[in-house]
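Pasting the structures here.
The following pair of complexes shares a single chain, chain A, combined with chain B in the former and chain C in the latter.
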Partner chain A sequence: MSKIIGAVEIGTSKAKALIGEVAENGVLNVVGMASRPNEGMRKGEIVDFRKAAAAVHSALEDAEKMSGTTVDEVYLAQTGSHLKGNMLRGSASVASSDNRVDVSDLQRAAEEAKRRKPDEGRTYVHHIRTPILLDGRIVQDPVGMFGSKVDLGYWSIDGDDHAIKQALHVISNYSLEVKDLILSSIASSTMMAGPDLRRAGTLVIDMGAGVTDFALYRQGFVACTGVIPVGGDHVTGDLSMGLRVLEPYAEKLKIEHGKAIADPIDEGEDIWIIGNKTIGDRSIPRKAITDVIHVRIAELFEIMSKELEGLLDPDELKGGILLTGGGSLLPGVEQIATKILGFTARRASFPSGIDPELAQPENATVLGLLHYGLEDHGLPGRIKEEVETGFLGKFRKMVGLGAQV
Partner chain B sequence: MTIKKSKKQDAQSGNWKKLAPKSSRRPASKAALRKRLLGASKFLVLFFLLGVVGCVVWFFQERSQEDSGPLDITGTGAPISKLMFVTDGVLHKRWFENWFGPLRGRTLMDLDIKEIQTELKQESQISFVRVSRQFPATLKIEIKERMPILRLCLRSKTKGEQTWLVSTDGSLYLGTCYSNASLVHLPFLNIQPELLRLSSNGEGYEKLGGISAVAPLLEIARRDYPGFYQNWQVVSYERPHDDDPGAHIHIKSGKVRNLRFAPQHFATQLRRLKYLLMESDFRRTPVVESIDLSHDRSVFAKLSP
Partner chain C sequence: MSQDNLFPQETNFSPENEIPGIRAKIIGIGGAGLSLIDGLRFDNFQSVEHLAVDVDSRALADSLAGEKLSFGRRHTRGMGTGGEHTLARKAIEEEKDVIRKKLDGVDLVFLLAGLGGGTGGGAAPVIARLAREAGALVFAFTPLPFSWEKSRHSMAEECLADLRKFANAVIPLPNDSLLQMGGADATALECFAEAGRNVSKGISAICSLVFRRGMIDVDFVHLRKAFNRRAGRTLFGYGEGEGENAIRQAVRELLLCPMLHLPDVSKAADALLILITGGTGMGMAALQQVSSEIRDEFKAGEHIVFGAHVDENMGDRVQITVLGATDLEAGTPTADVAPAAREVIDEVLPKSKVAHSSKLKREIAKSTHKTVSVEPRSKKKDDLDQNTFEFMEAENQRGIFGDLPSRNIYAGEDLDVPAYLRRGVKIAI
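== the complex of A and B ==
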C-alpha cells in the first residue's frame, strides 16, 4: 500500500507545503504542492504567530486539496540564525569476547556522543552522523567486523527553545504532528548534491529570502552547517534605502533588473522605478542597482568565508560550490561566490525526473525534506521503525493498540 | 524488536520532541478551524455509524428473543359458521364433514384450501372440484361427480368380491352414497381380465379404453328406450372402434338373450330393434335367441327353437 508523507518549509517570504506519495516500490510522486506568501517571519524566525500560521495552514490546505488526500504528519524544515552546530564525538569498546562489532556497541558510542547537553534554553534539532571509525579506520558498516574500538560523531545542531516551539506550534495548530525536524541546508543539499558530489566534497549554499543556509560535505558526510542571517530580503531593503524607493518597487527592481556583478553592457542604461512613467515615477541608472546588490552579496560570501575558515581545503572540496535557493537566480552571484570563496561556484541543477514546474531553486528545501525523510539515517544494523499512519493507525494509537517504537 | 524511549531519555538527549505542544491551542487560522471541524465530523460520522450498527444489532437480538414461532399474518378471524356444498351427484355435506373432520373453531385462514382441493380431486368419484372462501365465515365446496353407467364385479383374494362402478369416461370407482335403487338397474360389464390394469398407487384401476364408445349406446337406450334398457343385464364389447370392421358391442338381456350392436349409429340401430320387436312373430315369441344389428341395413335375428 502506498504511503502519504508531507513536508513543510516555513520560509521568510513564502510558506510551502508538499505532499508526496511513496509507492510500494519506493518511488516518490509529488501529488500536491502549494505555497503562500508569509508575512509572519523575519530572518527565518517567526515574529507573528498568527500570520505565519495562516500562511502555513493555507499552503497545507491547498496542497491537501490538490492531492485529494490528507496527511497526518510532516517533515518540517528548520532554519534561522539561532541554530548552531557542534561536532559531538563518542566511542565505545567492542564488548564481545571475539572482538566482533555489534549494533549495541554502536548504540553505546552514539549515546556517549549525544550525552552532552545543549546550553540552557536550547534543544538539539538535528543530529547528523559523521563517518564511523573502527580502530581509527573509516568504515561504512562495522557490524560483524573485528576491532576493539568504535568511534562515531554527530554534527549536532541545537536551537533556541522558543523559536523551535513556535514552529512546532504552527504545525500542531493544524492538527498535524511533526515527524522530524530537518535542517534546511541538509534538505536542500540532499536534493541538489548527489552522493557522488557529496563524496567528492561540496559546499551547498541555499540563498533564501531571510537567511542563507550552507552545508559543507566531506567524504560524503556533513562536516559543517551554518545559517547566515543575510538573504534576499536584505538586498531588497538595501535597494529600498539606497535608491529611496518603496520595498515592493525595490523587490521588483531586484527581480527584473538586478545583477550581482557589474556588466559593461549595462553602462548608461536607466531603469524606470514604477515603469509607467507617470507622476512620481523616476529613472535610476542600472549600475546603481547592481552596485547596491553587489555590496550585499559580497558581504554575504565574506561572512561565509570567515565562518568556514580553515574548512575549505581544495583536496576536500573537489565538487566545488553549489548555489540554490531563490537568491541563486540573481545573475552574477556565481562569479562573486567563486571570487570570494576561492572555489568554482555554479547554480545547482535538479536531478532528472522532477517536474520542471517543481524544479525551481526556491523549491529545493521542501523537495529535499521528503527525500531526506525517506532515507534511512539510523545506525547500521538497526531495524528501521515502521509507524502506522492513516485513520486506522491513528485509531490504534488512540486506543493503545499496536507496536510503539 | 521495539524500542520505547522514555520521556526522561528524551529530556536528557535534548530532543526537540519534548517541546512539541501537548494539546492543540485554539485554531490560529480559518484553514486550521476547517481541518478540526472536518476531523471532528469524521469522528462524529464514525460514532454515528457505530451507533446505528449497534442499534441494528440490538434490535435484531431483541426480536430474535421475542420470536416464539412462525409469524402470524392471518389475524384473528371468525370461526367457520357455514359450509356450502354444491354437487351434481350423490355426495352431500355430511360426507364432506366425515371426510375432512371437524371444522368447529377453525377460521377460513386456518385452512389450506389448495390442499383440500388437491385431496378432494384424488377421490375417484369426483371429476372436478373448487374450494373457495366466502368471507366472513363460509367455506364453499363445488364438485362435479362421475356418472356411473355400468357395474363391474371383481373378486380378489384379499378383498373378496367388490362391485365397482364404471363412469362414462371409463373410470372405475367404488361408489359412495349411492342408493341401491339407483344402482340396481345398471347393467354389468363383462370384460376380458387383461384389459384391467392396476393404477400406479395400487388402490384402483386405470380407465377402460372402450367405454367411451359404449356409453352413448347406454345413454340413448336409458333415455329413449327404457323398456329395452331395464332388461339389459351384461354388456361386453370387443374392439369397439369406428374404424375396426369387426368391432361390436354385445349385450345380454332378458327377452333378447344376445344383442349385437355396431359401435356407431346407435339411434338407428335401436330404432330398427324397436320395429323388429314390434313384428308379430317377435311379439309372440317370449324369448329371442339373438339379434345382430351390426351389419348396416341387414338385421340377423334368431328365434328360440
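== the complex of A and C ==
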C-alpha cells in the first residue's frame, strides 16, 4: 500500500507545501506542490500569524488539489535565529554478560545524553545523532558487536517555545498533524548532499530570503548547524537604501542585475531602475549594485566563518561547500564563499530523478523534508528486533538515517 | 570638489530686511561641535550668535566663535574629557547658572555636538534641557561615530536618547553614512565637509525663515508651533538644482540626498519644514507643485511650515531644504522635562492634541506595497496602546527591517543596518 506524506516549509519569502506518495517499493513520487508568497514572516520568524497561516493554508490547499489526495500529517521545517544547537553526550556500559551491545544499551546512552533539559521557555526542535562510539571506535551500528562501553552524542537544537508553537499552530489550524519538526538546514542538506559527500565532510549553506541556514557534516554526521539571521531580504534592503530606490525595484535589480562580485565586463555599464526610461526612471552604475551586494554577502560568509571557527578542518571537509537556496542563484556567491571560507564552494545540484521543474535551489528545503520523511517510511523491516513506537521508533530513525540514504 | 566652494553663497540675503526681536544662538559643544561651528558662515545674520563650549581650553582658543565658554576646569584642568561623558555631564551641571545666563532671551538654539565624544555626549543633553527650560526652540545636529567604533557608538546612542528627551528635533549625522555623501571619488574629508555644508545650509534655511522676509513667509511662532514637541525621529535633506528645470532637479536631488536614506531616518514627518530659495525667476506654480510633492513624499501632517525666499544672487539656481520630525512621544508624559519647559510644551500643545497619531506606522505598512493610497487620517485616535506600539516601532527604523521589534545584533553590530554603511563602503550612484 502506498503512503501519502506531506512537507511544509514556512519560508520568509514563500510558504511551500509538497505532497509525496511513497510506493510500496519505497519510491517517492511528488504528486502535489504549491508555493505562495508569504508576507507574514520576516527573517525566518512569524511576525503576522494570520498572513503566514493564510499563505501556508492556500499552498496546502493547492498542493492537495493538484495531488487529488489529502494529507493528515506533515513534516515541518524549522528555522530562525532563535534556534541554538548544543552537543549532548551520553554513554552506557554494555549490560549483557556476553559483552554484546544491545539496543537497550544504546537507549540508556541516549537517555543520558538527552537528560539535559533546555532552558526555561525553550523546547527541543530536533535531535540529530552523531556517531556511536564503541570503546572509542566509530561504528555504524553497534548492536550485536562486542564491547564494554558505548558513547553517543546528539547535536540538539532547541528553540524559543513561542516561535515553535506559532509554526505548529499554523499547521494545526489546517487540521493537520505535524509528524516531526525538521531543521531546515538538515532538510536541504539531506536533499543536496549525498552520503558520499557527507562522509567526506561538507558544509551545506542554504541561502534563504530571511535567514541563511548551514549544516556541517563530518564523517557522515552532523557536526554543527546554525542559522544566521541575514538573507536575501537584507540584500534587497541594502540595495533599496544604497541606491535610494523603492523596495520592489531593489528586488528586481537584485534578481535581474545582481552580482556578488565585480565583473570587468560590467565596467561602466549603467542600469535603468524601472527599465522603461519613463519620467522618474534613472540609471545607476552597475558597479553600485555589485558593491552593495558584495559587502553584504562577504559579511555573511565572514560571520559564518566565525561561527564555524575551529570546525573547518581541511582533512574533514573534503567535500567542500555546497550552496543552495534562492540566494545561491546570485552570480558570484560561490567565489566569495570560496575566498572567505577557504574551501571550494559550488552550487549544489539535485540528484537525478527530481522533476526539473522542482529542482530549483529554493525548493531544496521542502524537497529535503519529504526525503527525510521518506527515510523514515523506508525503515520498517531494516532492524526487525526493535519496537516501532515511541522513543525507540524515533531513535531508530536516527540510527537508520546515518546508515542508509 | 574644490575647497574654495565649500560654502557657496551662504550669505545671499541682505541684512537690511532682517526681522528684529528674535534671537538665535548656535552652540558648538566639544571637538566635533567646534569644528562644525567653525565651518558655518552666517556673517549676515545679525541676530545669530555663536557660542563655543568645550572643556578643552586649547581647542576653545582656536575656535572662531564669537562667544566661548570653557567649563570643567576643576575636573580636567583644561584638557579633554578623554571620552568620559559622565565627567562632562557633572562638570556642565556645575556651570548651569552661567549657561542659563547665556541662554537668556534666546528663542532659537542650534546645538552642534558630536555624541561619540565625552564633552559633546555629556554636555549636549544638559544644555538642551537648560535651553528648553529657558523657553527656546532647540534643534540639534549631532555627528555619531562609526558603527565599528563599538563602545563609542553605544555610548553615543545613549546620549542621543537623552538628547531626544529635550531637543525639539535631533538630526543625527552618523559617520557611516556621511561617507556616502559627495561625488564618486570624494575623500573621507570631502564627505565630512559636504555633510558640514549641509548642516550649515539647514541652519541657514531655518534662520532665513525666521529672520528674513520672503516670498512666502513664515514667522517664528509657526515654526515653534510645528516643532514644539519632543521629537522622535527626524529627517533632514537638502537638494539643489540649476538651469531651466532647476526646481525639478532640486527636488530630485533632495529625494536622493543620502541624509534622507539612513536607517535611522524617519520616512514620514508630523512636522515638516520646507524651505525653497531661488532666483527671481522662480514661479509660483512650480513652487506649489513642488511643495505638494514634498508634502506627499514625507506624508506630512498638518504641521507644515513652508517658506519660499527669492534671492537675486541665486540666478537660476534653486535650493530646497527639508527638516521634519515625528512627534512619537506626544502621548507620553513629559515628566523628565523641568517644569519651565513643561509650561512651554503645554502652552502650545492643547489637550486635544495629546494623542496626535503619527503617520509612521502607516508608512511602514505601505512600504511593502508601493501603492501610495491616501487614507483618511485618524488623528484623534486616543489609544495609549497604539502610542506605545508606535514608539516601539519608531525606535527601530532600520530600513526595510525597521518595523521589527528586535534588533539583529551580532558581535555588537546590528545586521539589519545595511552592510555597506557599517563597513564604510562608498556606493556611488
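Everything below uses one rule, namely that the second predicted complex is superposed on the first by the 375 of 405 C-alpha atoms of A that agree within 3 Å, B and C clash if a C-alpha of one lies under 4 Å from a C-alpha of the other, contacts with A are read in each partner's own complex, and residues count from 1 in each chain.
To be clear about the criterion, a contact is a pair of C-beta atoms (placed from the backbone, for glycine too) under 8 Å apart; a residue touches a chain by one contact, two chains touch by 3 or more.
Computed from a prediction, not measured in an experiment: that's the story for all the values here.
Enquirer: Label the relationship between chain B and chain C on chain A in the superposed model as either fit or clash.
Expert: When both complexes are placed onto chain A, chain B and chain C end up side by side without any clash.
Enquirer: Mind working out whether A:181 is in touch with chain B, chain C, both or neither, as first, second, both or neither?
Expert: Only chain B is touched by A:181; chain C is not.
Enquirer: Could you look at A:47 and tell me whether it touches chain B, chain C, both or neither (first, second, both, neither)?
Expert: A:47 sits against chain C, while chain B stays out of touch.
Enquirer: May I ask you to decide whether A:158 touches chain B, chain C, both, or neither, giving the answer as first, second, both or neither?
Expert: Only chain B; A:158 stays clear of chain C.
Enquirer: Looking at the overlay, what does A:240 touch: chain B (first), chain C (second), both, or neither?
Expert: In the superposed model, A:240 contacts chain C only, not chain B.
Enquirer: Would you sort A:230 into first (chain B), second (chain C), both or neither based on which partner it touches?
Expert: In the superposition, A:230 touches chain C alone.
Enquirer: Put down the vertex angle at chain A formed with chain B and chain C, C-alpha centres only, nearest 10°.
Expert: 130
Enquirer: Identify the partner contact of A:13: answer first if only chain B is touched, second if only chain C is, both if each is, neither if none is.
Expert: After superposing on A, A:13 lies clear of both chain B and chain C.
Enquirer: Contact-wise, after the overlay, does A:292 reach chain B, chain C, both or neither (first, second, both, neither)?
Expert: It touches chain C, and chain B stays clear.
Enquirer: Can you report the least C-alpha distance between chain B and chain C in the superposed arrangement, rounded to whole Å?
Expert: Superposed model gives a least chain B-chain C C-alpha distance of 20 Å.
Enquirer: Residues on chain A in contact with chain B in one complex and with chain C in the other?
Expert: none
Enquirer: Which positions of chain B touch chain A when the two form their complex?
Expert: Residues 1-4, 12-16, 18-21, 24-25, 27-32, 34-36, 39, 42 of chain B touch chain A in their complex.
Enquirer: Which bits of chain A are touching chain C when the two form their complex?
Expert: Those in contact with chain C are residues 39, 42-43, 47, 81, 228-230, 233-234, 236-238, 240-244, 246-248, 284-285, 287-288, 291-292, 295-296, 298-299, 303, 306.
Enquirer: Which stretch or stretches of chain C touch chain A in the complex?
Expert: 180, 255-256, 258, 260-263, 367-368, 370, 399-401, 404, 408, 410-411, 415-416, 418-421, 423, 425, 427-429
Enquirer: Give the list of chain A residues in touch with chain B in this complex.
Expert: Interface residues on the chain A side: 49-50, 53-54, 57-58, 60-61, 114-115, 117-118, 122-125, 158, 161, 164-165, 168-170, 172-175, 177-178, 181, 383, 391, 403-405.
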